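Here the structure is laid out as structure tokens; the discussion comes afterwards.
By letter and in written order, the chains are A, B, C, D, E and F; residue numbering begins at 1 in each of them.
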Amino acid sequence: MYEDLAVFSGTANPDLAREICEYLGCPLRGADVFKFANDNTFVRLQKSVRGQHAFIVQPTCAPVNDNLMELLIMIDALRRDSAADITAVVTYYGYSRTDKKDQPRVPITARLVADMITVAGATRFMTMDLHADQIQGFFTIPVDDITAFHMLSGYFLQKGVEDAVVVAPDVGATKLGRDFAEALRVPLAIIEKRRERREGKKTEVLSLIGEIKGKNAIIFDDEIDTAGTVRDATKFLKSKGARDVYACVTHALLSQPGPERINESGLTELVVTNTVPIAEDKREKMKDVKVTVLSVAPLLGEVIRRIYLGISVGEMFNE
Amino acid sequence: MYEDLAVFSGTANPDLAREICEYLGCPLRGADVFKFANDNTFVRLQKSVRGQHAFIVQPTCAPVNDNLMELLIMIDALRRDSAADITAVVTYYGYSRTDKKDQPRVPITARLVADMITVAGATRFMTMDLHADQIQGFFTIPVDDITAFHMLSGYFLQKGVEDAVVVAPDVGATKLGRDFAEALRVPLAIIEKRRERREGKKTEVLSLIGEIKGKNAIIFDDEIDTAGTVRDATKFLKSKGARDVYACVTHALLSQPGPERINESGLTELVVTNTVPIAEDKREKMKDVKVTVLSVAPLLGEVIRRIYLGISVGEMFNE
Amino acid sequence: MYEDLAVFSGTANPDLAREICEYLGCPLRGADVFKFANDNTFVRLQKSVRGQHAFIVQPTCAPVNDNLMELLIMIDALRRDSAADITAVVTYYGYSRTDKKDQPRVPITARLVADMITVAGATRFMTMDLHADQIQGFFTIPVDDITAFHMLSGYFLQKGVEDAVVVAPDVGATKLGRDFAEALRVPLAIIEKRRERREGKKTEVLSLIGEIKGKNAIIFDDEIDTAGTVRDATKFLKSKGARDVYACVTHALLSQPGPERINESGLTELVVTNTVPIAEDKREKMKDVKVTVLSVAPLLGEVIRRIYLGISVGEMFNE
Amino acid sequence: MYEDLAVFSGTANPDLAREICEYLGCPLRGADVFKFANDNTFVRLQKSVRGQHAFIVQPTCAPVNDNLMELLIMIDALRRDSAADITAVVTYYGYSRTDKKDQPRVPITARLVADMITVAGATRFMTMDLHADQIQGFFTIPVDDITAFHMLSGYFLQKGVEDAVVVAPDVGATKLGRDFAEALRVPLAIIEKRRERREGKKTEVLSLIGEIKGKNAIIFDDEIDTAGTVRDATKFLKSKGARDVYACVTHALLSQPGPERINESGLTELVVTNTVPIAEDKREKMKDVKVTVLSVAPLLGEVIRRIYLGISVGEMFNE
Amino acid sequence: MYEDLAVFSGTANPDLAREICEYLGCPLRGADVFKFANDNTFVRLQKSVRGQHAFIVQPTCAPVNDNLMELLIMIDALRRDSAADITAVVTYYGYSRTDKKDQPRVPITARLVADMITVAGATRFMTMDLHADQIQGFFTIPVDDITAFHMLSGYFLQKGVEDAVVVAPDVGATKLGRDFAEALRVPLAIIEKRRERREGKKTEVLSLIGEIKGKNAIIFDDEIDTAGTVRDATKFLKSKGARDVYACVTHALLSQPGPERINESGLTELVVTNTVPIAEDKREKMKDVKVTVLSVAPLLGEVIRRIYLGISVGEMFNE
Amino acid sequence: MYEDLAVFSGTANPDLAREICEYLGCPLRGADVFKFANDNTFVRLQKSVRGQHAFIVQPTCAPVNDNLMELLIMIDALRRDSAADITAVVTYYGYSRTDKKDQPRVPITARLVADMITVAGATRFMTMDLHADQIQGFFTIPVDDITAFHMLSGYFLQKGVEDAVVVAPDVGATKLGRDFAEALRVPLAIIEKRRERREGKKTEVLSLIGEIKGKNAIIFDDEIDTAGTVRDATKFLKSKGARDVYACVTHALLSQPGPERINESGLTELVVTNTVPIAEDKREKMKDVKVTVLSVAPLLGEVIRRIYLGISVGEMFNE
């Protein structure tokens, strides 16, 4: 049925790629992806993709540059082997926080990466929950920015947390938090971080905008990285009288020392997805906190199925 | 001194262009910019720009498409007349709110416009207070996004409003509001708009996150358009016990029926800049409200001077 | 039968788009095309076009810049929604008279517009009776420049005007006139306009090259705009002894004060097509002259049918 | 004085290049331009052009493809040697008559060549009396289309031909003829060629639009190639009662059997320029006709001087 | 069966194109390819290729620039006639030896040509036995570099030359020679040319690295041009005690005075393919040497068949 | 003197960058180059480069992808800060061995990297001793491929090795070896590796083409990586009767287990340059072999000086 569909995986998240193929009922295509002794990444496709519709599942999480180069080199190999079209399925878009010049003399790496993916030969781009929606506009090839929002809000609706308040852990996450609060039909609170100069030293001061006392807090954001913000927010919320504190994000980067911080944060539950893999040792370090990982494979599988068959993707989210 | 500097203006904001030239001490270059009977925009430069450094001052405010086409056609004329480089000085960037696909099957016009400016031949882009910083990344030519932030916060610091609170008029403006509050060293409050379904009808419900009672509110945002948000916010803040309400934005679009709404809003003062011109009849319609227009001409003139002389622009804002 | 065919219309000539769809027997696809209060054009496609063959019917007649931007924004929306290919069907190509630098320091807007259409993402371009055939070469995407020539000459052949002479209303139209005369098998005359300096003032002097006395004249050109040329030519021809005077063009722009001039010109009949719409008030103003509008819908419908089915278009005109 | 100016010549018209350098007072730069035994064109610049302003004088007359490849390869060599900018000075633009699709399934080679020149790395294009002005729009790099019109009309004004009539040798040359007639302040006549079907055979029939009897005719066109048109026109004009017949064109291609036809045409004088070289054997074959060759070297030299110094070129022609 | 397959030929090697079509069982498509009197190459396709898969068989052998321009112009005509894709089948890639800057101030024409082919609109490139494999990387469109290696080694394996040694005629051909020797399972010898300065004059001195005495030599290289290297190598090998000497190459350019040199070289047999045509007069001049021409038509026909059907090409060579 | 010259270094080889600046007598420009916790590379230039001539010294040796991304991000930052031009000085070009498709379904990463460097905004490319000269043609921006050949051959000429033979360690290095032998005026020998099938197993068999007995061998190649080839060659040469064996290459990659293999190889001396840095621990592991590192800093400094001043680089190598 899917004979012209060729799903590939780099080394960044092969488990997710396999799950997607299971949803689709098609095999994961073979590709040798490795480094030579001289640290050069190399790729060799095992079978011809001439005229086929190729998808490469490869988040650009750590090791970021290696994963990105793998992706680009795979695209080049597919293009030179005459694939009909090539969709980069970058479930997490590295460098997404370097998306503007907020100080002089810095790069806009998120645009540079978009140009690199395009110049390598990708004809379509798929990603999940971009840090800023505007990054779609860094591309001129079609972009499908799939969201895990409904999956995550559905989880909490089903769970039924009482007296809940959605908390934006900083002002940059306010809009995201408002939408989540609206979906859960609960109030919103915001933690404001402000740099202050006290006794000659710059310190960061937290303050709460909104009400949290006696409530169960659900911190909502797009990603969790070194977890400093979430840990501080959790402690701050508890000091303000919150009961249970949950955290919910799409991308679980959990860079060092993220897992340790989660473990000591006092969180009741961390809800994430598998857009990036969570290594076993990281899970081990967070064992005092309940970590729930929801799989985006059915969602992505369905999107790929629709793209392959030429059916609307927007209708999946639009009703 | 500036013999190779050639500053041009389209018809969108010639007063600002003239002010900039006064700051620089150079003449505004002549160009015939008009429409033929068949509605085709036409441009003819009055003198050769061969080898010169051209700047075109042209915000893409209403009439948006006409102003944009004027800009593009001027760029083409300058390119074909062998200008050494061409900087588009778009003090207000029209279509900046169409910068992402937040629903299926819509365009990203802000990127399209960036490509049009680039394909026409601009070699550098200058603008002011972009609606989203990420729009910088829609360009690969160098972008200078100049901010009126310091000019606007300086105005209020000098004015000295007592018991002030900065108010973000919706959650999307939270980050901007936080920065303004930090600069004025006052608290932040946020107005949250939420779509609710009441008795079968969708309505928009406002709620306040933060404290406003007995305070003087300064609503801060990047632009004011039909002024519905500002008017509603002002009335809502007063209903919550605010004393005076000020509004402060960079771009005073004031599309219909903006001026009337400002007039009836109860605002104490509206503080804006001249990135877009405010027509006399609009001012007339707002005559019950104090409107303060700060000029960006010295700021832009200084940036152009530095670009022309190859001096750092970033250092102007960076101390 | 045409399930992958998606014909859209902007706001420039929806009647023509509907007629084309009637010819094809397919529905006109829905798209919301409108301006926000801030004068920004916006487009939202009502259904997915993923993998489909899209055609946008949109002449860039007045309001030229608005119609052009609508076209470009629709192209962007179609591209980002993954249409398989996108044909811009610009039945009248605005800016076609700005196709060369015939004086220094002017733009070549007709090329600029071609680049804009291409950078927006169109993959094929269809138009009618370009002012200069060379404009085809402003594009590298395939161009189909469809001509109404056979339709117009067929009309006069069937009508059977006696003692006819085709008249080129200025020397630039000589070649077009010669071809029309050849098709009707009648002689050709040319009106030459020459700028002369008489008593210190520049005036335009008409002279006739060829014979017109006692003949019925058919003025032939590609477009009629403010109708000054046609009116002057008609009067001049009558002063030289012409009997009836007909005018025949493809594109009836009729910019102000074109309709009034037509009305007072003394023309017996004006024969045009519907590549651009003729507003009711314009028709009203021309009510003293017989105006015949031939529809290009069957012609364009047939071309679109052939493109969709991969059949030769050239063979329609080539026998 | 011109130390950064580097004028090169291919093998197409080295005499003209040397004359231009004489006007400028600078040496012609050395370049080895030759073919290997395997028919591959090769180029080696004798000295570095790093950071210099390069001009390549190379009309693409016959052998057209060889001359064009020489030009492109020289551009590539200059680009890779880091020239600051590269102006292709193509005094005659080959393929200029293939500038539109006037029948199905043909190329637009004039655009293709423009793209080739651009992709090779030229940064500016200079040419003379393009067959169609629109070809300027095939380029996006700046184009200077220099005209010999004033030089040629000046020649006839000085010569003082009595009772002159300018003749367009076919309807395509009408506009050119009108402008020349206007400059000489004499009337215009046009020769119309029409394909007719007589007794089952297609023949070409000439007819005269305008008056020629007892007048001296000056045939004016952009180029003379195999001279069939000029020879036929001369004979036809004489049969209609013309006295002397002159021919005047910018580009003297004189492809076989052009020179013989000129010789037997009955022309009184042929006036041309040296945009393309006229080989000695061709001159020999035309020895019965007076051939006057005006040099474009001072004109081109002055334009190059102005481009190099950043002075307006338009003003040379514009007063 | 192949209704969408459209194989065309320029004038460079129509016999090969016909042979390929015979293999495929499809007709060679008609195209008028000729030069006008003004030496402009022109192309007109006889039937529409709208939506079809076009292949153009055209080696860029002598006359190189004419053959190259024919190819480019055909590509442009196919693109503008809306072919679905266009594969340039350049069985011999002219300019392949100008593939690097091995001295200052020279072009890299092989890259320039790749860009020209791409800018003209080719979507895939097919060639045979490139002089340097890296030329594949001059393209970003997919390249199929087909090798005649197996066909040529198969010929000698079947022939069964005793006591054979493969000889690389210069050090640049060592790697090629090693692979051929490995395929034939025979030893390798290398002829080293060194420029020496003897008595003030630069001379080229040959020396042999390896053993040849009493052996039968098979000189192996990618092409034979003026045959100086092969003739000198043959004589040198015989002087060192070789018995029979064979020469085997893919591309038989045989530029003057190649055929004469072959004739007098003392070669036993010259084995080549028909990637470029060998004119009858060249064969005549080589009549003292046995010349064996193996046809690449079945090989290329099979590759085209696989590309058309979307089957792997690599598997043909990979087992 | 060099006020517009801005030399930067990434983290790949800062010592070399500093040495180059010492040669030039200009400071190394400051840039913060680091990774965030999330493994994203970031760059911030310390001072403005507006209008300046920037050079970035950054070989893409291991860690290859990190070094490459640093380079690209620095280019983007320089471009967006309006540098006048940007030269990437990649003293070792990683991925240079992936420069062709020598098997089906693999990438040409060396071309991909060239496109990435170009799309990031570099305007010129400088490198040293490319593995294949053709890689120059992967770029269309000017390339300076500087060679250490004269420096290395000068070292051996001065040293005066008696009875020397240059040895190409495999057939791919034959041409390089021939040139080195010619420069030293000594004979050449070649080691041929051939894959053979013996008793059902594939083995690699070495054989010597040429004479080595009683001679001192100098193995010459472009790079030394895991040193397997050099170690095997050294042992093989000694087994064939060589006396001392030297190895000489430009690029000392020395990937694991290269240093150990060098140490046990029996080499008398290894002569390399500092295009890539040799870490202290690698030197320690090779302590039984004399390792001579010649600095390329004066050579590169001189080239940069000439580029900055617009003086010929070619003349440095060309006399």
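One rule holds in what follows: a residue touches a chain if its C-beta (ideal position, glycine included) is under 8 Å from a C-beta of that chain, and two chains touch if they have at least 3 such contacts.
Computed from a predicted model, the values in this text were never measured in an experiment.
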Smallest count of steps, each to a touching chain, taking chain A to chain F: 1
Just to be sure I understand the contacts, which chains border both chain E and chain D? C, F
Intersection of contact sets, chain C vs chain D, gives B, E
Interface residue identity across copies chain A, chain C - same or different by half: different
Farthest chain (mean CA position) relative to chain E: B
Counting C-beta pairs in contact for B-C and for D-F, the higher total belongs to B-C
In angstrom, rounded to a whole number, how far apart do the mean CA points of chain B and chain E lie? 62
Taking each chain's mean CA coordinate, chain B and chain D are separated, in whole Å, by 51
Tell me, which residues of chain D touch at least two other chains? 47-48, 80-81, 101, 103-105, 108, 111, 115, 140, 143, 312-315
So which chains actually touch one another? I want all the pairs, not just one. A-B, A-C, A-E, A-F, B-C, B-D, B-F, C-D, C-E, D-E, D-F, E-F
Sites on chain A touched by chain E in the complex: 47-48, 50-52, 79-82, 121
Looking at the complex, which residues from chain F come into contact with chain D? 124, 140, 142-143, 306-307, 310-315
Interface residues, chain E side, partner chain D - complex: 37-49, 61-66, 68-69, 72-74, 76-77, 80-81, 94-95, 97-98, 101, 103-109, 111-112, 115-116, 119-120, 225-226, 253, 255-256
Mind pulling up the chain A residues that touch chain B in the complex? 99-105, 108, 110-111, 115, 132-138, 140, 143, 145, 171-172, 174-175, 177-178, 181-182, 187-190, 192, 194-195, 207, 209-210, 312-315, 317-318
